[in-house]
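As written, the chains take the letters A, B, C and D, and residue 1 is the first residue of each chain.
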């Protein structure tokens, strides 16, 4: 087994990987940009190396520097997490060339699945069903014509895309031109490639993906499905496992197709095959993510398999410890992504310093977090700062636990998606499992209904604090002048109570 | 279902019960003494009422006040947690008389199991095996004679006892007299009753207990075993489920006996039947705890049953949702009690103010905690301030996760049992599961072996901070003069690195 | 002492006697307030209802976070308010609405020109931040004036970008 | 500047140049220190090894918590030490050892009398705290003197309870 692993990532996922390493007795090496010197993962790693300024292009995307640190620190392997270099075939190849194990698939598999067009051709040959669409590289005029044939609505997608970047849904012919322009602009910026293609929109579709695990000895299994239909602008916000629309038969059929897709590229490591499932239970290949997924914890909770630790074992050349028959799903898990975004203001990124924090705990709650008091939430990186995962005996219990944990969350200094999630879990259609990927376009989760009461309390405490400050000559100390164990406020409350009795 | 429940307890267990209520949509009422106004559970409850000064006898043991608060707040039921009033039959009866549901067994069952002698007679009649011993109420001289007959070592136990109070192990006749005196003194103080009795010491015995659940309709099931052999002075420090020495056959036999014991007193609610298991797999009844147990989370993790929520359902008159066949144990869970005690100084209670705190999270970790920054840890209540529970695929993974989480724990202001637990998980005999209830008397877990290195680092940081203070005119701000994103220290480190290159 | 607190444009009147007895909008309130830690976490019991709040000081008043929602509270006592109102300026005509950048970011596109009339929710500017394009839309109808940003420019959070003037009157 | 730090009776010499270059007991140390939050949490990188520490100020020096262990560090710079040593008192004879209550508690039993000779680990006093009886034992052999506690008395943490004098010399 490896003695030391470098984690080429930051935030919650770096910490997640550090924990997996610690549980295997492997030393960890963190790398950090100027913006992350005080980050949790830097403090929890055994070693930490500075790799550059805050912009990712000068730090977390600098594969050369990262491989150099691995050499210097004596790390035998690199885990890329998700994002940054995780699906960068050149980096995976550079690791191989440098004699450092890349904990993930081969550069070849990344390359094959990384280009959406090649990926579709490859898996189609293996019998995986595809959504009707166009080839890539057509001109705008050709795409306009093709769209008429496919039928609106159509989806504009970036050939090199991922994570919703460069993606647009178009409902009418007259919108297509401007959407193509916007998608090309975003794609060029994000991937350096403005090639786009069209895809039929599967209406009422649910985003359901299959987690696969493959070792270097030809063994491939799947760990069941995750449903990720709660999305906003193609960004997943809530994920769960299992899915309410997947029964054991559909699970086995989708699982078999996902395993076939992985085999088609000689896949090794953890990967995810994404599908759209329509209301009749037909499923279509979307893409394969050749990396660890943000939402992997929901699968870990229902299967009991620690995916990150398995990735490390696989990279070390070990055989899978499980066969397909060993995998059983038990209970229900739901993940809510906690982002530094303002749900009351169109999910605008919210920046600032975390001034107070208390994360929920207790039965059935798992937190994967990179947040700490004193943290500066800036604009350099992804707004996701933590993941809250609730596990329960069944979906109802998981939702109730998620709700309970959301009300327990205390975070101040930036606005977060917590109020959105609280609204969502109170939405009957979410509770009943009746939603598709366009759910959030048509359903605005209710805002907290006790906002008036909260406002009143905020006003009251402010007046009390101002009053307290005025009285400071009399009542010093941060406990509000509590000297005999009773504050001026409680004395007043008692007085008040007495008056009422009179 | 109840609309509102009062929690007649404090600390982590009050919070645990609040969470169960919230997950069932039930409003919660907290009660607090002067020492607990700022406690987590007071802040997380929907309502909170002050019930008296810090000493428990004037607050948490004042059943009359608590029932009065339940009336005032409109709470229909009271959950007593563990300790305080949890096994007080008079309080359970007073609740009944006041028309408030006591979430626990009947006063009659509490009374029957509360007196150890009656309890033994009752369960023996139901076919439960007992440890050889004396009846209660004998004089010291009679006990001296009886001890000769039973054979040393013998255990002195308080008739009204529990939690290790008033308990003493005696190895030689000449020690017995002083041990009897000490046990009687402790018992009188703790329970107002100095009656003691003797019991044969089962050598090489392991403490293994069976969790039972019984509804008001005559259904009784068990949730498998917990092993609690890691004890110090009869106080449990570490608990796990399942136990390495219990196979499926023994589990079913012990389970059946535990269910019989519960039936013998018409038991209703969650309860625990404690046994000693000798090296040949013989088991003997110790006592039945007629309440929720501190260590209930390990059972929850391996069975997936939320015991506190089931207690509430049962108290509401519902039938058990499970039959014995529905209960399956999966994985392994270990709990470490985090106490404010100094393991390097004979577990002396440690008091002080919590000045920094970060609790571990991540895969397989559950925290039940009453700790917060600003908390005053005093001497009024039990020193247990939190529970760290690790869950894994198997015992090895659970231990590795526990170890990882212990190294993540950051708590400053009081000394805690964390270094003890870190030493324990590194003890081969603990790792192999080879221990009995006297393990800690004969095996001192290793202290951290890198204490010298840590000391050196403490010295270094102190010098750096003093230096920084001296330089404050130049480098202001709490980030050590980091103005351009590079601290004076890192600049020096770079300089140092350059020098070495020269 | 009487205090005036404003939150989201709503005004509350709170009176507190020297003994700490509180009346809010005429109703007596039984409240016990305690600061829990040095970071601004407070526990507040109002008529036995328990609330946990994080309070940060602001220029005038406090930012209060309660259960995932953050409120900016402008609070002052009566005397203070009286002094301020006596020297208050005549407020600017309510026809001009400055549009600020809600976040720092890169201006990717300016979708309006000066003098253009826009309707509610018309896109004005696209700002890129956190790798995503964010459309800044018109918060009401109006005529665009004084555009002070251009494509490719990085703007700070809250930087003025343009002004929405009133629609031309038909008279 | 040269600093002398003492932890658990062990002395460390640390030298720090005005540029922040550090030498510890003669060895060069590459260290980057950062305070993370206002509560005293620090991140320290020593030759790339990462440590997280909580630091509280004490009368002279710091209390440093690192991975479950807490260290009391007495630290001073050279000048300070020189000044102190010049006015240092003659230290008390090492034969007398005061026994303090390690915790606040109730004295349940005093197990020795004045003039009694005790051996290492002999029980001296039983203190009840947190409902448990805690035996305070002799940290070395000696003769009991000046017992200042009695049964039933509540003592504060660190209160003197008695003195262990030296064993009678046989000469």
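Quick notes on this one:
The working rule: a contact is a pair of C-beta atoms (placed from the backbone, for glycine too) under 8 Å apart; a residue touches a chain by one contact, two chains touch by 3 or more.
Predicted model only: the values in this text are computed from it and were never measured.
Taking the definition of touch as given, a chain qualifies here only if it contacts chain A and chain D alike; those chains are B, C. Among the remaining chains, C is positioned farthest from chain B, on the basis of C-alpha centroids.
Distance from the chain A centre to the chain B centre is 36 Å, each centre being the mean of its Cα atoms. Taking each chain's centre as the mean of its C-alpha atoms, chain B lies 31 Å from chain D. Annotation: 48 Å between the Cα-based centres of chain B and chain C. Shown for chain B are the residues in touch with two or more other chains, namely 44, 358, 372-373, 407, 490. Among the residues of chain D, those touching two or more other chains are numbered 32, 34, 38-39, 41, 45, 51-52.
Chain contacts in this assembly form a complete graph, since each chain touches every other chain. Contact residues on chain A toward chain C in their complex (touch as defined above): 165, 182, 185-186, 189-190, 233, 345-346, 348-351, 355-356, 358, 373, 379, 381-383, 406-407, 409-413, 415-416, 418-419, 422, 448, 451, 454-468, 470-471, 478-480, 482, 487-493, 495-497, 500. Residue ranges on chain D touching chain A, taken from their complex, read 32, 34, 36-39, 41, 43, 45, 48-52. Looking at the complex, you find that chain D touches chain B at residues 1, 3, 5-8, 10, 12, 14, 16-22, 24, 28-35, 38-42, 44-46, 51-56, 61-71, 73, 75-77, 102-105, 108, 128-134, 157. Across the interface of their complex, chain C is touched by residues 30, 37-38, 42-49, 73, 372-374 of chain B. For chain A in complex with chain B, the touching residues are 15-16, 19-20, 22-25, 34, 44, 50, 53, 297, 300, 304-306, 308, 330-331, 358-359, 361-369, 372, 393, 397, 400-401, 403-404, 407-408, 485-486, 490.
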